[in-house]
Each structure stands twice: as C-alpha cells, then as structure tokens.
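Two complexes, one shared chain (subunit A), two partners (subunit B, subunit C).
The block that comes next holds the complex of A and B.
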C-alpha cells in the first residue's frame, strides 16, 4: 500500500486562506498611487468602519455556510431588527408603536429580534426539514416586509442615544464598531480552529451522517448557528444605524449579494465544510478596499456595480487556479 | 456453553406498515468472524443500525458480553462497544485524516492542541499498520485507505466488535486480499467481527459462522463448514438450487455468424494497448481482469464513452465516434456505476427504461405516454422487475431492481450488440439470475454481447472469456474454464 502523496494542488490548497493577501497588498499599492489620501490613517479607518456591518454579516453567513446551510434572510434582519427595537422604544409621535419601552432595553431588543428570526429559520430548516434556500428566501421577503409595513416605509430618525453609541464612538483610535469586528472575528477564528464545537461545524457541513455517527448533536448545533447568525446580523444593523444616524426603510437591502461574494472569494464553500473565518475576513477587506478606491478615483456610481461583479469573477478564477480544484 | 460477545435477541422493528425485522436475532461468539447474508431487503441494514445503537428495536434486546446495551442517547458508550464500517463512508473529505480519527473527541472542553493530536493519529495509524499520512486530507485517500482509516478509528474507541457492511463492494481483487489479511490479524488479536457481503465465496474464505436472514426473519445460523454453497443459497432464496447455470449449450459454431461488434488495434494511453476483437451474433464474450487491467476502460471505449488514441470500433460495420453514434448503430449498454451513469433516480421506470428510444415513441420530439407505458410494461415483465408499476421512480427500487431498469434500458431497442459492465455488483442472488438471464436471452435473439465482470461466476455464461492484464489481452479461454485457470491469468502468474 502506498501512502498518500500530497499533490502540489493540495499543498497550495492549504494556503487557500492566504490567497487574497497578495490581492489586498496589490490593492493597497494601487490605492496609494491612485490618491495620496488613500494611505492615511483617517481613510483606512473609514474603510474599516464602513465595512464593519458587512463584516459581521459575512461572519454570520460564513458560519452558516461552513455548517452546510444557507441564509439569505440576514440582510433583512440588518434593517428590521434595529427598526423594530427602536419602534418599541420611541413614542408614537416619532413613528413608534406607542409601547414606549425603557430606552435601556433598546440594544437587547435589537439582538433579541435577530435571534428570534434566526431561531424561526432554524426551526423550519432543522426541525421541519425544509430547504434552507427557499425558507430563507421567503424569510428575506417576510422580514423586510415586516420592516416596511411597520415603519410604513418611512425612515426612523429619532433614535435612542444608546443605539447610536456603538456605531459612532471611537475607542483607542478606532471606532467601537471596528473593535467589535476585530474581537468577534478573533473569537470565531479561535473557536473554529481550536474547539470541538467549532470543528463540529466543519464535520456537519462536510458529512452530516458522519457527524451524527460521531455523536455530534447535529440539530442542536445547526439551530444554534442559525440563532447566532441572526444575532450577528442584528448587531450589524445596530452598528450601521449608529454610523448613519438613523434607519432607512432600505437598510440592508441588496447587501446579501456582497455578503456571499465576500464569503466565497474568501474561500468559504457554498457546499459546506470548507473555508475559514480568516479567509472570509480577507474577502470583506478586498471588497471594502475596492469600494474605497473606486470612490477616491471618482468612478461614477453607475459603473461601480459592473466593476464589483467583474472583481468577484476575477477573484473566483484566481482562487480556482490557485486552489487547483473544481469549485462547488 | 459458548460465550457470546454480541447477542440480538428476538428483535422486531417496524417502519410504518413494513416490518423490517420480525422476531429475528443473531448471536456472535467471542472472537469469531460471523457472516450475515441475505437478499436485499432481508433486514441486514436494520440489524446493523440496531446493533450500533442508531435505532431502537420495537421488541427484543441487544446484549454485549451478556450485559444489556447502553441507553440510546449515550453515543460514547455505544462507540466503546461496537464500531461499524458502513457501506457509505463516514469520513469527512475536507478534514485531515488525523481529525477524522478523533472526530468529536479532538479535545475535552478546552482548546484542541493540533500537534499532539497529529502525533496521536500517526501513532494510531502505525499501531494498526495503516500507511497513510495523518496530515493528508481524507478526501484524497483511495477507497481502500479510507476503509482502513475507518477500521483504525473503530478500534481506537476501544470497541472489540466491528461490523463490516459490504466492505469489498468497491475494492478490486488484491485490495480485497489485503483487507482479508488484516481481518485475520484482527481476529488473531481477539476482535469479534460481523461481516456482510453479497459475495458468498468471501463468506467461506473469511468467516467461521454464517447467519442467513430472509424476509425480515432469521432462517439459519451454522458454522460455514456445515453449510455448503447450494444450501446457503437455498436458505437465502427459500428455494433449492441457486447458482446461476447457463441455459445455453455451446455457442455458435466458429466464424460463420455475422460480426456485430468489432475493435481493431485499439490503444488508449494508461488504459489498454493493441486490442482487437470480434463479437459475433449470438455470442457472449467475457472480459476478466483486475481493477487495473483496463477492462472497464476498454468496455467504455466500445460504447463510445472514451475516444481511443488509435484504432477503430465498429458496430454493425458503422464506426463508433461517440455514445449517440454507438446507440444509433444498434448497441445497448449497461454502465459500470448505475447510480452515476445508469438512471435518473427521480424519474419513473418507464421514463428511464425508454430514455434511449424516446425518438421511436413518437414523432417530432413528442414522446407518446401510452407507447412509453406499453414498452415499459413489457420490459418490466421480461426482467421481472418488482415494482408498483411503470410510474414508480427508480429511486424507490432496491439495488437489484434498479439495475434491472438499467438493463431494461440497454435492451429497450432490441440491440444487436450489447456491452454490459459489472451488471451484478451489489445485487442479490435472484436479481443476479434475472440479469444474467437477460443477457443470455439477448444472445439467443441474435445479439452479440460483451460482459465485463469482477465476478467469475457471472462469466460462466460466456462462450469465451478474454483475460486482460496491464492493458493487454493475455489469454483466451473457451467455455468450461476453471476458476484457478482464470485467476492465475488475471494475476499475471500464468505463463
């Protein structure tokens, strides 16, 4: 019997995590030449802050994708969770429900709404055995529909201070929202690499029957991942609200495409069981830098969509060549 | 009194209206290798899931070394008692071998230390003599290596009882022998095994006792020495006889019949070289050889799935360029892997069986349902497919009946040339007879057939058998060969 020879493709695939690092370096160089403002601390901080909401949703989606599932509804949670929490707190005159719950409850309510949507998704997908794609597609529409209906399509400007705080304050030179992203990603990287629970996500996404046979409580873990995903998306909505100072009826809409793009170019497989959180983070950074460079260079907004699309395709081709394997 | 390592006593298990196990049981003595045989649907898989604690019996009990089995929720306790190498792999391809070995027990509550884990994995692999790199991705292993990793994992849990569920189904001859050597070594160390296989000769080779299940019931348990081949088959099928006996006498006399399928000087790099072949009307030509002999590649070339580097294939004097041209020239074929190439699981039997002849069922691309149905009903009758009717999806059928649908598709157009690859893989004794019978009938109707098989018994229906070794035809034997003759040539030890 022969031992397994590691083919070059396999070896390279181990560095799949790092494939976007050269791209990021390249973008930094290009940006520096394109506009002297680019490499200033102020601008880079700005990039990070602008992407912090996207980053958290990507983190949520990466966890769900690695577990072999799917969630499209996250983008609607980004808008709906803070909107509902705010409406429960502010008076009816500011478009509230009139319940006027104490303002201190605002943040817990945001997270609770996100967790509840995630729990409902999990219930339908894990317990009820429905297709994750269709369930969360429907929930994307339902959750956004609730947001639109309850807010009557209006933006919410009178928002409690506590909700604005996280997205608008800085701490040791960085916005609090960026600290949140750094801490949560670091935590996720460690848990997914070094803890049984984290490895269980890979096992479930890789071969659900094998995971079950190994004694992993598959249903419980999956349900937990959906709840965590909803909560992270709500947190992302909270940071976005603080950054923008209000909640428009379109907050989060269309975001899910960028979320998938960042996760997939960052090496997270749509088929489950493959990819890392660090990879997903590099995906977010690539998208953030590209967005920033395009606006600094003065590309008309009408053309940016096209360029994003092209960049996603090019990144996929590069990772296919580097990864050496057919993509799922 | 014999000491039993594992006992399942008077177990009944129902799934809705069907009874999967009816007051059945098994008792496996300490340290023996015990075969469990039965036709598809006899209840073997259900017994496996009950013995591994994945399902609870409705009635009856399981005992390990005389003690009651652990509670169903206590997976760890079950894993210490019994391990199973399932038909379907329980290896996670995207993870390393090391992690697969210690899945869900990489560490306690604290963080995983990867270095020591890899070291433990390497030690474990070495202890069980598995030459696999612990850092390799499990998805890059061969089927054989994957099974060995699964066996090592099973033993590392502390289980002294292993269930091997059709482990040889995907292995070639030498790999099977290596597996058997390993099983003998494990037995010498006192490991008890339950062995499930459709290959009865393996049962005689590796097992000491055998239990036969039929229609969800226990039929007989006996030492293999006391249960000769015919009696074993009779116990499985519930009727006497059993080994398929060719119905035809000697084949057509010499070269008088028309040549329906011919190959001239075919070569394909890495698969086979210089193959020339003529198959006459009414003749069945067998191909034997090990997994690396190139026989499958050759058969797939004959039907147009591969394009040879040099040489030509003709069906009824029409050159074969690809699959449509082969089918158009009057060829029918049964592919190697029925799940991958054989059928579309969600479509009905009627649709699957008539897929290749849709153009004959109506004009201008219209498929007339009534004609499709009529044709399917005829094929279901011809091949004795056990089904509710032609509308039933193939996914619902057992392995043997699904394979009959694939055979039906090959025969749907009354082909004058037939290429059949491993038609009896994973099917039970009766289905085997129906499938081989169908090939013989086709030959009686005047078709020329090529039968490629890993099972020597299948090849008994052939008028002559060509043996391939490392891509060349090394021997041709007429009807009436002995196993020894063929195996020697297949292993390349025949001068």
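The block that comes next holds the complex of A and C.
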C-alpha cells in the first residue's frame, strides 16, 4: 500500500484525504440546527481565525511526522519565539531586556528564534542521532523554561504594533492570519504532491535506508524540515499574539495535544511516510468546528471536556470506517 | 509548567547545600525557627507579585525563611516540596494548594508533626490549618455583579469569563456572580465561558459569543492577568473598545488588581477591577506563620487590620479586604498595583 502513497495522483491516495469530509459535513449540519448564528459568514470566519495558529503548528507537525520524525517542542516555540522577540524590542519598563532593538526587526526575530530552535533540534536528532521523541520532549521543557525565566513569568502586555498587525488585521474579507494559512497549506500541498523535495519527505518517512540508497540527501532534508517546523511554529505564535493582544507566560502550553489530535484524525501517520497536508487541514477544521459548536450550544462547562474528547474519538472512528484502512 | 520541576529542583539544591545542619523537624518550644514556603506557580502576574513581596515582608516582620520552593500548580510537587521543607527543619509551612482536596493527607502528616500550616489564597477542604489567608472570593463575584448590574440598569446580556472549575476561587467567584445576578438582577442574562485561565480559549469563546449576541453589554473576567489582553483585543476588533459615555461601550469588570488593569481603567477601556491584595497575602501569611511558631492563638471576629477572622471546620480564615477599583480610586497609593512596576 505504501506505493499508493508514493505515486501522486492515484485515486486511493486522494480518497484518504477526504475521510474527514463527512464528519465536517455532519458538524456543519449539527451546528446549523444548534444555533442560527453558526452558519453565518461572521461566525465561520471567526472559527478560521481562532484556529489559524493551531493550523500552522499542525502543518509543521504534519511535515515532520510524514518525514518519520517527531517534534513536541513546537508548542513551546509558539510562546517563546514571540516573547523573546518582543522583549528584545520593547523597553525594560515593559518587561523588555533593555536592548530596545528597532521594532521593524520584531517579526524577523520571531521567525529567526523559531528557526534556531528547529535547527538545534535537527542538530541533536539528525547529526547526533538522538531519539526525536526524547530530544523534543526535553526541548519542550527547555524552550518553555527560557520563556518563563526570561520573562520572569510575567505577561507581556506592551507589544509592538507590527507584531499585532498580522494576527488582527483583515484583508479582502478574511483575517490576514487566515490568508497565511490558506497560502501556506496550498503551497505545502503542491510541494508534497508534485515536487521532488516533497516526495522525498514521504520516501524518508516510509523507509529511510531506501531513501538514502535512492540518492536523497536524507540528513539535509530532515534538518531542513525541523528548521521549517520551528519557523512555522514561531509564525503561529506571531498570529496568536496578534489575536490575543499580548503574550502570557503560558502561551502555547498544552497545545501539542490538539496538534497531534488534529494531525492524526486527519490521517497523518505517527509512524511516518503516510498522510497528507490536506488531511491534516481537515483535522484542524473538525477541532475548530467542535469547539465553536460547544461554545454556541452552551454545554455545561464541567461536561465540555468530556464531550470534546468523545467527539474526537467519534471522528476517528468515522474516518476509519469511511477510509476503510487501519490507522496507525 | 514543565520547567517547574527544574526550577524547584534548582531551588532545592540551593537550600540543601545551604542548610547542612538542621535540628529535627519535630523539635518544639521557643519562638524561633524557620518558615518553609511553597509558591503555587511562577507563570501568573498575580503570583509573581506575591512571590516578590514574600522576602520583603519577611524582612519587615523579621521572619526567618527557608529558600521557597515552587510547586507549579501540581499537587504532587507540592507534597514533595513540603516533605523537603520539613526535612530541612521548617517549623511552620506557608503554602497555597491550588488543589484543595488532594492536600488533606499532607496536612494530617504536618499536624502529627505539630507543624502549623498557613494556607494562602485557597482553603483546604479537610485537614488542619492554623490560618487561611485569603480574600473573600465570593465577595469578588458579588461586587462584580453589583457593579455590572447597576451600570446596565438591570437588563441586558453579560458574559462571565470563568477560571478553572477545579479551583475553589474560580468556583466561588462564578457561583457568587451567578447567584447575585439571579436574585438582584433577574433581567440580565448571563453567559458562562469555562476558559480554564487560558487567554486563547477566552478570546475564542468571547468572540463566538459576541458574534451570536452582538448586544452583550457587560463582561466579568475572573483573572485580569489572563483575560485582560485577549478581551481588549476582541473588543477592539469589533470596534467596541470605546469610551464609557458611548452607547456602544461594553462594561468590563476584572479581578486581580495588576498594574495593567489600572492602566486600562485610566484609559477607560475597562471600568473596574477587584484588587486581590498580593502584598497583604504575603504579609499576613508570614505574620501568622510567625505567630504560630510563637504559640499564639486567634479567635474568630474582627482583626486590627480591617479584616475578619471566621471559623472553619478545620481551622480559621482571615478574610482580607479586597477593594473594588474604579476610575475614582484607581490612583490610590495604597493599592498594591500602584506600587509595583
């Protein structure tokens, strides 16, 4: 069956992408009955905006999972990268480091910090041959620890306008953050399906030795994927900061569970080599719609977590039944 | 969160090496001795202010303390930290158990060793405590309800951004607010959002609620440190961040009393906050720990510092005053939010 995933354009492979579509349709119908506001453009736009940061981290994680690796530290980058960039820019009176770098550098700094963490992960995993799970688990703690230590646990309330801009501005009817998600996912879908580099990720995740034998520069590609993952997580942090208007000391904490839930119900395999970016996107949509419906319906707060978990389980089952293949 | 264990570990190493010679924990008598302190977390603005006040107040009250530990909102770590503090010879313990049920057996052990416990901010469900130092969290909810009810003229829709339901403080605020709205302002409809002290969840829930009910006119936030920035951002995106005189204004009442809330009140972005006294929490935690080591006892009734001690089944509770801060008194120098940077 792996050959199916390797050959682009084959019908079965595409079908796997669509296993969550019935779930999404079902959620749309349920939502429409539950609350008349649900199907309005305003509400659905909100859902997209609320999930845009999650979506980018899922994109990053999906790329890494498809390559057969693992990155737990992404959630800490979501908080730490923008926090460090902001602290380098704002004056010490607003909890900054006192360096007061020009505000124009803020966004490049955010991305640079994310890329640096990704590069360090890649160094330990690819060059040093350490277990990706343990390395990134440690890095999850280290990166969040840097965030807590440097910020002294304080929230950053004074954030440069340039950082808020991306997460809080609207362009042609949609929030800029949603445009980012659309463009980046479209790009990733095309590259992974039709480009040599994209196919290399599947090859490496499916069988790393075969990929190496086939002449793919495995180490270089993997390292690049980790750097890209870190950068995307930092961008997600940037969008989240814009949406929330500040950076709390636990921004991103606990997010990685939702990231894995979205990727896996979207059909991305934890073992590497299988799954699509479009599938991961449908996973994000399911999670976003469930959260929105639960809020609109006004489920009693103490039961909300249970229902949330149950819906994720049911989505998994539906996607298994429709997809017809064993999940892994 | 996860860094907590690391931080606590570093703190432990420091204290262990610093106190090689200690007397046995069960030793009694005399007024001297060190106080062992565990902080509940290091990632919230309120608690960071409290943590900063502790050494300052210890100096003023001449209380000797061991190096504080930090349990990072995890009751298992709290139990370990307390054992370590006792092992280092703590004669009294100051803690703030965020899980008020699971701390019971630790309190029993401390009682059997005759080590008095001062619980800050939370009231343990069972297990002996010498004193609970806490503001009346039900009063926060009631004050917020009365303020919003009057501003809205007793009708309309309000949103309550709640904390975590497993926290007694979140529950107290939520229940008091709900009950007060029901009895005093039955014309006001209340929407409740379980944000779990999470800014991202708060923003999503508030945004969704405002989309469905654009006529929402009031918001009660359980924690300014977490909810302030996301709420302002959502209101701004909806062009609802306008002066209180504007009919479009949404009235916002917060909780905590951190400097950023005061700034927002001065700018007219929010209307009020309940100042939870971080300075008094630190001061009276140490005050009672010292009194306990000196063998003093207290009775229910009014105190000399403007608060009231009430009787609990398992000890006493000093309910410190928590003033409502509005535009009128936001520059009051006695508010702790005006004394920190």
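The definition used in the following text is that the second predicted complex is superposed on the first by the 306 of 328 C-alpha atoms of A that agree within 3 Å, B and C clash if a C-alpha of one lies under 4 Å from a C-alpha of the other, contacts with A are read in each partner's own complex, and residues count from 1 in each chain.
By our rule, contacts are C-beta pairs under 8 Å (C-beta built on N, C-alpha and C of every residue); 3 or more make two chains touch, one makes a residue touch a chain.
This one's a predicted model, so the numbers in the text were calculated from it and none came from an experiment.
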Contacts of A:199 with subunit B and subunit C, given as first, second, both or neither | first
Which of subunit B and subunit C A:270 touches, first, second, both or neither = neither
In the superposed arrangement, does A:291 touch subunit B (first), subunit C (second), both or neither?
-> second
Contacts of A:213 with subunit B and subunit C, given as first, second, both or neither = first
Contacts of A:103 with subunit B and subunit C, given as first, second, both or neither = neither
Touched subunit A residues, subunit B compared with subunit C | C
Considering only touches as defined above, state whether A:182 meets subunit B (first), subunit C (second), both or neither.
-> neither
Touching subunit B in the complex: which residues of subunit A?
-> 1-4, 6-7, 10, 190, 193-196, 199-200, 202-203, 205-207, 209-211, 213-216, 269, 273-274
Spell out the part of subunit A that touches subunit C in their complex, as residue ranges.
-> 35, 37, 40, 42-43, 46, 49-50, 53, 93, 140-141, 144-145, 148-149, 152-155, 157, 164, 168, 240, 243-246, 248-251, 253-254, 291-292, 295-296, 298, 301-302, 304
What part of subunit B is in contact with subunit A in the complex they form?
-> 54, 75-76, 79, 86, 88-95, 99, 103-107, 109, 111-112, 114, 131-133, 136-137, 140-141, 144-145, 178
In the complex, the residues of subunit C that touch subunit A are 1-3, 6-7, 41-45, 47-48, 162, 165, 191-194, 198-200, 203-205, 207-209, 211-212, 225-226, 228-230, 232-233, 236-237, 260, 341
